[in-house]
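Each of the next two complexes has subunit A plus one other chain: subunit B in the first, subunit C in the second.
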Partner chain A sequence: MVSFVLRRLAISVVTLIGISMALFALTRFIPGDPVSMYFNPLTFEGDREAAVEAVRARLGLNDPIPVQYIAWVREIFNGNMGFSMITGRPVTELIADRLPATIYLMGVSTVIAIVLGITGGIIAALRKNTIVDYATLLGALGLVSVPSFFIALLAIYIFGLKLGWLPTAGINVPNGGWGDAIRHLILPAGIMGISGSVGYIRWARSSMLDVLDQDYMVTARSKGLSRPRVVLQHGLRNALIPLVTILSMSIPSLFGGSVVIEQLFAWPGTGRMAIDAISNRDYPVVMGFVMITTILVLVCNLLADITYALVDPRIRL
Partner chain B sequence: MSRARSLAKIAGVALIAALTFAACTPPGSSPEPGASPTDASSSTQAGGDLRYHLYQAPTTFSPFHATNGADGEIAGLHFRPLMVTQGEDYHGILAKEWEVSDDLTTFTFTLQETNWSDGTPFTSADVLYTFETFAAPATASGFSGRLGGVKGLTDFQEGKADTITGLTAPDDHTVVIELDAPNVGFMTGLGTLIIVPKHIYGDIAIDQLQTTPEFREPTVGIGPYIFSRWVTDDQIEFVPNEESFEDHPLDHIYAQYLAGDVARAQLETGEIDIAQIAAADVDAAKAAGINVQAKEGIGVMSLFSALDSGKLADVKVRQAIMYAIDRQSIVDNVLGGNAKIAETLLYQPSWTIPNDLTEYNYDPDKAKALLAEANWDESVEVNLDIVPGQADRDAVMEIIAGQLQAVGINAKLHQVQPAELTTLVEDRKFDLLITILSMSPVEPALANGRFMCGQSLNLAAYCNEELDQLLKEASESADQAVREPLYHDAQRIINRDVPAIPLYVSNQMWGSTDRVQGFDPTIGALTSAQNWTVS
Partner chain C sequence: MTSTSETTPVLSVRDLTCEFSTAGGTVRAVNGVSFDLAPGETLGVVGESGSGKSITMLAILGLLAANGRITGGSVTLDGVELVGASEKRLQSVRGREISMIFQDPMTALNPVMTIAAQIDESLKRHSRGLDRRGRQSRIIELLDQVRIPNAVRRARQYPHEFSGGMRQRAMIAMAMANRPRILLADEPTTALDVTVQAQILDLLHDVQVETGTALVMITHDLGVIAEVADRALVMYAGRVVETGTAAELFAEPRHPYTRGLLASRPTLDDTDGGDLDAIPGQPPNPARLPSGCSFRPRCDLAQGRTECAEAPELAVLGEGRAAACHFHTELALSERPA
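And then the complex of A and B:
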């Protein structure tokens, strides 16, 4: 088991290094230069070339890319992910500032998605090939087909503008309490939760259908157990085992946020930060953001692998 | 099986723990700063909170590095400039009075006797420190050019002198600036620079100024409202500054970055009090009960071409393009009439414009004739370069593409990312780039850099020595009677040569809710918050 974990760990580390190199090179090959963009030639009054040169030298951008990469890696080991080229703030601080808002939004919407998805999936499975099943699947198909930005705009228009029940954007009013915070959360988390539940519905339905055909379900029923007990204790418990994978796969998105929803609802999270950083060619922020997401994906995959290995010894071979 | 279940439980517990951790305090309510010397309780009158929309994400309070409009707004409220322009007039802020010598080489500012928010007196030392920092090459400020022409500047910038000899302070409340040569436009450029406290920033190494936390969360200001905290990473709380000599009746001002559509929706629901709105949205905003005010724009929406690349070097081709575009129809249909046509890039102040300029009214036949005279090659592709994403510009460029094609110019829309735009400009590879370059409503000489040969701000790289001579002469006099005929001649040249294709000057449209009083966009935006109250 130990050698299995070590092997997986080694693969993860190599993957991480590979991704960081590729990403570092890619960000620098995108057309557009952050420093020359920062000193906009349309408005700069003064000696622009000297200013560009001074800042490029200060940021080490004149060095060859491999040299820059090594310097970047060295700083990472000192806990320094670099500084934003636009605001000059440390990348770690920028991400730490944005992370709570994203975890909060994504966490709540993931919980909504899971609860809705599993409930919907199980109901559809238990009522297989009935009108309930078809309606659930059709609803899910509809939701997955309509882009979330459209649903969001529609919801803002109806609940924010026309009915005036909910705020249109933002995470809270300044100095607001929990009541205000929850009101701000309902639309973005609700929309993401509902959109996100689609995958879970389909997964829970098929997983439940598999379980319902198992011999132990027949045994449970033949023992004379009540239907809820059969479904919840014997069926659901077994159907939920793959939840480990589903959960582990959704954790990176807890930190990565949603670009579209954060932008539409002016949610001060990491997704919005990433988009701004990319359009500003703010290399250090882009690198920091993607590296953190990459590490989370790798760690979660590693955990999932280990869990599977624990569950199914054949995988260790 | 049981191990798998317990792992599932652990994962669940970890998720809940993460959520709980993230949720110790209500989101968006970072802790209030400690007892501030300038808390709201003893305010002059009214009180109340006001929410203001920033159309870009604010990044820094550093006036040296305020590269976007939002930075300029937040820095200009917390710190203050010596003066601002209002309409076609000057209005003193940190400068109580100013005087210009007859030969236009000496400028004397008399400063307000006031204190920084920590009680330290505001003096000429702060002004000198700020100006020198703007000028220092290590600051890499995009405004260093404003000090161009000050005596001793070159020696200072080349490291041969520690100070700029042309910047002096005879006493604590007087600053004197001497120039090498007369320049009537100098005062506006310099006077509107934002001043920072020397006792706070003077000890920070110049090349650290861009990244210092002191410009992220400035502790000392001088404006009517000063920075209190970042509510979120893109929302700022300002509180009244009790040391300020300007009015500060509100309890808080919240300045927040929002996308334009969100801001307009929030104006309607009252979540935002003041926001800029797109010209196309004006009617809908009025119908929703929003107060809409217009401010004349500060620049001409124009098409710039790299004349040095040769494609549009022939003046007849540029004139043909002027005739080929139906600008009146664009103003009426795309901008809802909230704009006016400009026949010259230097469109204000009004006294510079003679009444005999050629009006390039829509005339496709004339355009074709001019192109024929210029032996225009219809196979030459002309890129209409645009950074997409602004509804009015997108629509305008679509229309122009069609109208140019109709007269035989092979025009193609060419979309570029903001980050690619600078490269396009540096490589001189733009054929017709749509952009708006601001001009000063007060002092036309400030725009010299946009027209004179070899200047970095002269985007088109247009050059006409006769025009240079006129502009130079006009900037050496303060007497409007002398300057007016010179400018009239200059305008005729600009009008004839078409260094850029001027399209229209669109009004800036502002919306505010009923509870706001005293907001007048023609006086200023966030930087004139001293005039605002809420009911």
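And then the complex of A and C:
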């Protein structure tokens, strides 16, 4: 177990270095330049070219990309992820400000997705080929066919504008308390959770159907155990094993989804920060966001592997 | 066995009929099966795959798959009807009064629970008087009883850490946890190595002697019947075609199917040195049984005789002796030494 974790950590570090190199290069290749944003060509007076050149030189943007990369890495080890080229604030500070809101939203939606997905899948499996099963599958198919931003817009329109039940922007109001925070959370987390659950429903259903046919299920019933105990203790435990992998693979896509949802609901998370940074060519912020995302994904994958070994005693790490 | 008439049977099955609804229509997998089981006796049930042996046992416990149901007959445990009993009532019977051992110990144990946990579950359910410590020592006692060495350490292991024979021992320990009065063993040695088979049969016999439980041993191996069973039922296409003591069935089979099974056994002193005398043809598909006697197409006595167009009744031939063949007397004559 310990050697597995160490080995996986070593692999993760290599992955991280590779991704950082690739992305560092890619962000520099994107047309556009953060410095030209400093000096608006319509209002700037004087030698704009020279001004731009001076700032580029000061920021080291004229150095070859590998040189810039090494400088960036050196600073990372000093705990410095650079400064935003737009606001001048340290990237670490920007991310520290934004990350909790994103993790909060993603955490809640992941829990909703898992609970809905697994319960839905189990119910569909237990009621196989009945109206309940078909309704669940049809609902899942419908939801997977509609992009989550469209559902989000629809929900904003209905629950926010027409009915006026729920706030549609932001994370809370000052001194709003728990109730307010939850009201702000319902739409974005609910939509992300429901969209995320769709895949899990289908997987949970087929995984559960596999398990229900197993001999040990008959054994469990032959011991006189109650139906819920047979399904939950013997069925679910085994059906969860493949789901752990599915779950770990879906975490990166949750990040993608959260960028869109954060934008729509004016959620003060890293997603909006990333979009702003990319359109402004704010290199240090983009790199910071990507690095943090990569680390989270790698950590989640590692946790998934460990969980896999915990739920399946046949796996030795 | 003559004692059956004197003792009250612990389990009594009468005209049990089970049907399955499949894509191809309704299939009658068990058709009017009757038998009695006396306390402590061993009843063998022989037949090919698909003859309804396992379905009969599952039906007794109310464990038929979702598309199957009991459409007729009765199963009484100490005179109390089990067919149509509530799920709750059946749950209190399963694992306490009647336990079951399955064919393949590789798949019949839950891979994600320790052996101890799987036995404990059954104890927790039925032996309410035992506390945690009591159950713990009972688990070790059971594993000792089925001769699993290092019981304390083995109890904490998972099924994949056990060999096939050891798993079947664990399965037996689990089934015996609440000292049931009836043990249904569904081909308990079929999936095991030949050397291990004998050990498991010996173990079952010893456990039975120690606990006094009645044993129903399903098998397609007549050798097993000869070794362990007091009495045996021969099943074919969902029906009982012959009953008798193991000795009677071996010495003078009264049904051509039983005779065929006996003839198809390889023996060491096989003098003609040739092929095995296999029964010609295949066991019938339960969805498309032949009309009349189900064994007719494979039978060397039928030969187009008109009687066989009608299904034969199970004719009582004596105490505990019965055969479902129109020509059982012919067989009796042919078996008699000249």
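The rule is short, and it goes like this: the second predicted complex is superposed on the first by the 268 of 317 C-alpha atoms of A that agree within 3 Å, B and C clash if a C-alpha of one lies under 4 Å from a C-alpha of the other, contacts with A are read in each partner's own complex, and residues count from 1 in each chain.
FYI, a contact is a pair of C-beta atoms (placed from the backbone, for glycine too) under 8 Å apart; a residue touches a chain by one contact, two chains touch by 3 or more.
These figures come from a predicted structure and were not determined experimentally.
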Subunit B and subunit C placed together on subunit A: clash or fit? fit
Chosen between subunit B and subunit C, the partner touching more subunit A residues is B
Of the two partner chains, subunit B (first) and subunit C (second), which one does A:S3 touch, if any: first, second, both, or neither? neither
In the overlaid three-chain picture, which partner chain does A:N78 touch, first (subunit B) or second (subunit C), both, or neither? neither
Practice problem: Return first, second, both or neither, reflecting whether A:A220 touches subunit B, subunit C, both chains, or no partner chain. | Solution: second
Contacts for A:P31 in the overlay, against subunit B (first) and subunit C (second): which applies, first, second, both or neither? first
- Message: In the overlaid three-chain picture, which partner chain does A:S145 touch, first (subunit B) or second (subunit C), both, or neither?
- Response: neither
Here the angle between the directions from the C-alpha centre of subunit A to those of subunit B and subunit C, rounded in steps of 10 degrees, is 160
Subunit B versus subunit C as contact partner of A:R237, first or second or both or neither:
both
Smallest Cα to Cα distance in angstrom from subunit B to subunit C after superposition equals 5
The intersection of the subunit A residues contacting subunit B with those contacting subunit C is 237, 241, 311
Listed in rising order, the residues of subunit A that touch subunit C in the complex are 214-216, 218-227, 233-234, 237-238, 241, 311-314
Touching subunit A in the complex, subunit B uses residues 1, 3-5, 7-8, 11-12, 15, 18-19, 22-23, 26-29, 32, 49, 57, 59-60, 67, 137-138, 140-146, 148, 189, 207, 210-212, 216, 231-235, 237, 252, 254, 256-259, 262, 265-266, 268-269, 271, 417-423, 425-426, 435, 437-438, 449, 456-457, 459
In their shared complex, subunit B is touched by residues of subunit A numbered 30-34, 36-48, 50-51, 54-55, 58, 83, 86-89, 94, 97-101, 103-104, 107-108, 110-111, 156, 160-161, 164, 167-178, 180-181, 184-185, 237, 240-241, 243-244, 247-248, 251, 254, 263-266, 268, 273, 276, 279-281, 307, 310-311
Per the touch rule, the subunit C residues reaching subunit A in their complex are 58, 61, 63, 87, 90-96, 99-100, 102, 104, 107-114, 121-122, 125-126, 158, 160, 171, 174
